[in-house]
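Same chain, two partners: chain A is paired with chain B first, then with chain C.
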Partner chain A sequence: MSIDLVRVDERLIHGQVVVGWGERLRPQRYVVADDELAGSAWEQELYALAAPPDAEVAFVPVSEARARLAEWRADDRVTFVLLRSVEALCALAEGGGLDGLTVNLGGLHAGEGRREHLPYLHLSPRDEAALDALAAAGVGLEARDLPTSRGVPWREPTPDAGAGAPPPPRGGDGA
Partner chain B sequence: MSDAPQPVLGVVITHGGAARGLVDAVARISGVDTDALIAISNDGLAPEALRERVDRAVGGRRAVLFTDLASGSCAVAGHLCCRGQGTRALVSGVNLPMLLDFVFHRDLELEPLVERLVEKGRESVRAVLPGDG
Partner chain C sequence: MVRVSASGRHPGPGLATVFLRCLLVQAGWSYRRLIGLGFGFSVAPLLRLRPDRDEAGVAAALARHTRPFNAHPYLAGLAVGAVGRLEAEGTPPERVERFKDAVRGALGGLGDQLVWAAWRPLTLLLALLATAAGAPPWAAVVGFLGVYNAGHFVLRAWALAVGWRRGAEVAAALRAADLPRWSRRLHGAGALVLGLLLGWIVAAALTGARTGVAALASGAPVPHEPGVGSAAWLGLFAAGLWIGYRRGRTILRPAAAVLLLVLLVLFLAGAL
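And then the complex of A and B:
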């Protein structure tokens, strides 16, 4: 098994991923599965700067990532797969390619129509429904910004929330 | 009425509270008007929101955007804000000596100013090894 991290994070390749997770898991390959970036050479160059120089960085459309998941999982090289939205995650998960993996919900920030679940995790009702559907289909989901933080399984009640209900919005904007 | 261009604005974009700390240190050391520098943290901001915040801070002014890292969310926002703009430049690896020099040379043209800042930042990094001196 060589996909060690599948992460949903709007910032894609950035400090928490490269330093926080990267120093611990030592990925040899970063895959950014993103339709927009796959078509923008100058933005790819910008994001690739953040990766260690000896790591392979690939920018592919989500559909290509989905087709290559089995290949990357069978490969010995430690691989991170990065997505910027729940929508992209759902597209990647079609066909069961993420079965047996736990997806990391690492960075979706405050925005219109989004509710705060954790300081680094804000979701729209549509996102919440999509994650519920993925969880029901057997995809593991865990919120965790850094490996040193406690992982919070999807829909685990937080101290701010009543059991079974999504937590209410909280103040603060730390990430 | 003077035709001199408005002094260059500095925008410091960092992770956590580093930007605020650097701007505060510049004010305490230099005594220069703090309007010269604006501190922006990426805390809790989605990439687009960070870019918009930087864009709003700069407005139509000439500006140097200082970022902590050369890549990552702050740098990406800075690059996007500079793209296609002839009045904005970006310097990564911001440090205090660089900012102290900046606040006293804001009337320079952007290109010589940035070259100067990079040199100041680099030359301020020194090491004393065990056994030296």
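And then the complex of A and C:
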């Protein structure tokens, strides 16, 4: 298994990921799963500047990332998969591709309609419901900005969270 | 002073004003906005160059640019300059925001590596080395502040100028500047100075030298006769250089742990 980090962080590739997690896990590949960035060369160029020069950086649509999860998990190379939003995470998790992995909730900052869970984790009601549904479906979820921080497991879902919550949004990255 | 002129039509304020504001980019830091408030304060003079020259438009742009944003404070000027340029060219707000989102990660990561992990430790170690060489403490402090601040002023000025000049095309300028290479060089220099400093402390403790570097610089006699011990030290030094060159940063933590262990043993043995 060589997907060592699946992280939801609206900043995507940045210092916490490259220095904080990168120096701990030494990834050889950063995959940014984002529909808009996958088609924007000028933005890819800027984001890629933050990655270490010897690492591969790939920008792919979420659907392609979902199709290639098994390939990356079987690969020997250590891979980070980065997503901008909970919505993109839900799209990636369809089909059970994240089973057995713990998703890192690393950076969703303050915004309109978002409630603070941790200083680095602000979620809308829609995000909360989607995370509840993912947790009910068996996806591991943990809030943690840096490897040196204490990991905070996502709340235990109520018995009917999976059935009562709205279904996870599909197909987009919500950028 | 460099005059701001986006297209030759706008006289505008000088970049020096923006540069001075950028010195305060972290003054309003908070967990909610990070350096967003400082970013808005810094870019405000450039927003007046917007083609519409409309007060309401300027106010709306200022509100947008005080939203959460983060970057290394010394490189934030690059984003300030580039965003000012984009605004002056009438770039749609959505594209400006996407530019800010895309550039912040690079400015954070590159700045952390260049300044916090390389430049600051190097200048601090040089000051310690100067003290070991016999410089008065006040001179080492003044020297450290002078050299460290000169470096970050140059970096800030470069960042703002490049941002303003290149606008959305800053990626090419950043790639050409190859800041990671500078980081590696400064990091290597810092590791070398650290090795020299610790090596001399250990050697001075073992041989009873007064201030080793000062003695060496003044041509004072080496405290003991060259022999097997000196050859061993030279061998260790050469091996350290070779291992450091081959392994780079991956060896830093184990090497630091070994050095601390050696110092602890010497301390416990009463040699220090």
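Following the convention adopted for this analysis, the second predicted complex is superposed on the first by the 155 of 175 C-alpha atoms of A that agree within 3 Å, B and C clash if a C-alpha of one lies under 4 Å from a C-alpha of the other, contacts with A are read in each partner's own complex, and residues count from 1 in each chain.
Heads up, the rule we're going with is that contacts are C-beta pairs under 8 Å (C-beta built on N, C-alpha and C of every residue); 3 or more make two chains touch, one makes a residue touch a chain.
None of these values were measured; they are calculated from a predicted model.
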item: Side-by-side fit of chain B and chain C on chain A, or clash; value: clash
item: Which superposed partner A:135 touches (first chain B, second chain C, both, neither); value: neither
item: Contacts of A:25 with chain B and chain C, given as first, second, both or neither; value: neither
item: First (chain B), second (chain C), both or neither touched by A:152; value: neither
item: First, second, both or neither for A:49, with chain B first and chain C second; value: both
item: First, second, both or neither for A:14, with chain B first and chain C second; value: both
item: Common interface positions of chain A, toward chain B and toward chain C; value: 10-11, 13-15, 18, 46-47, 49-50, 109-110, 119
item: Interface residues, chain A side, partner chain C - complex; value: 10-15, 18-19, 40, 42-43, 45-47, 49-53, 109-110, 119
item: Chain B - residues contacting chain A, complex; value: 15, 42-47, 49, 69-73, 75-76, 79
item: Chain A - residues contacting chain B, complex; value: 10-11, 13-15, 18, 46-47, 49-50, 108-111, 119-120, 172-175
item: Chain C residues touching chain A - in the complex, by the definition given at the top; value: 31-34, 68, 70, 98-99, 101-106, 108-110, 112-113, 117, 168, 170-171, 174-175, 180
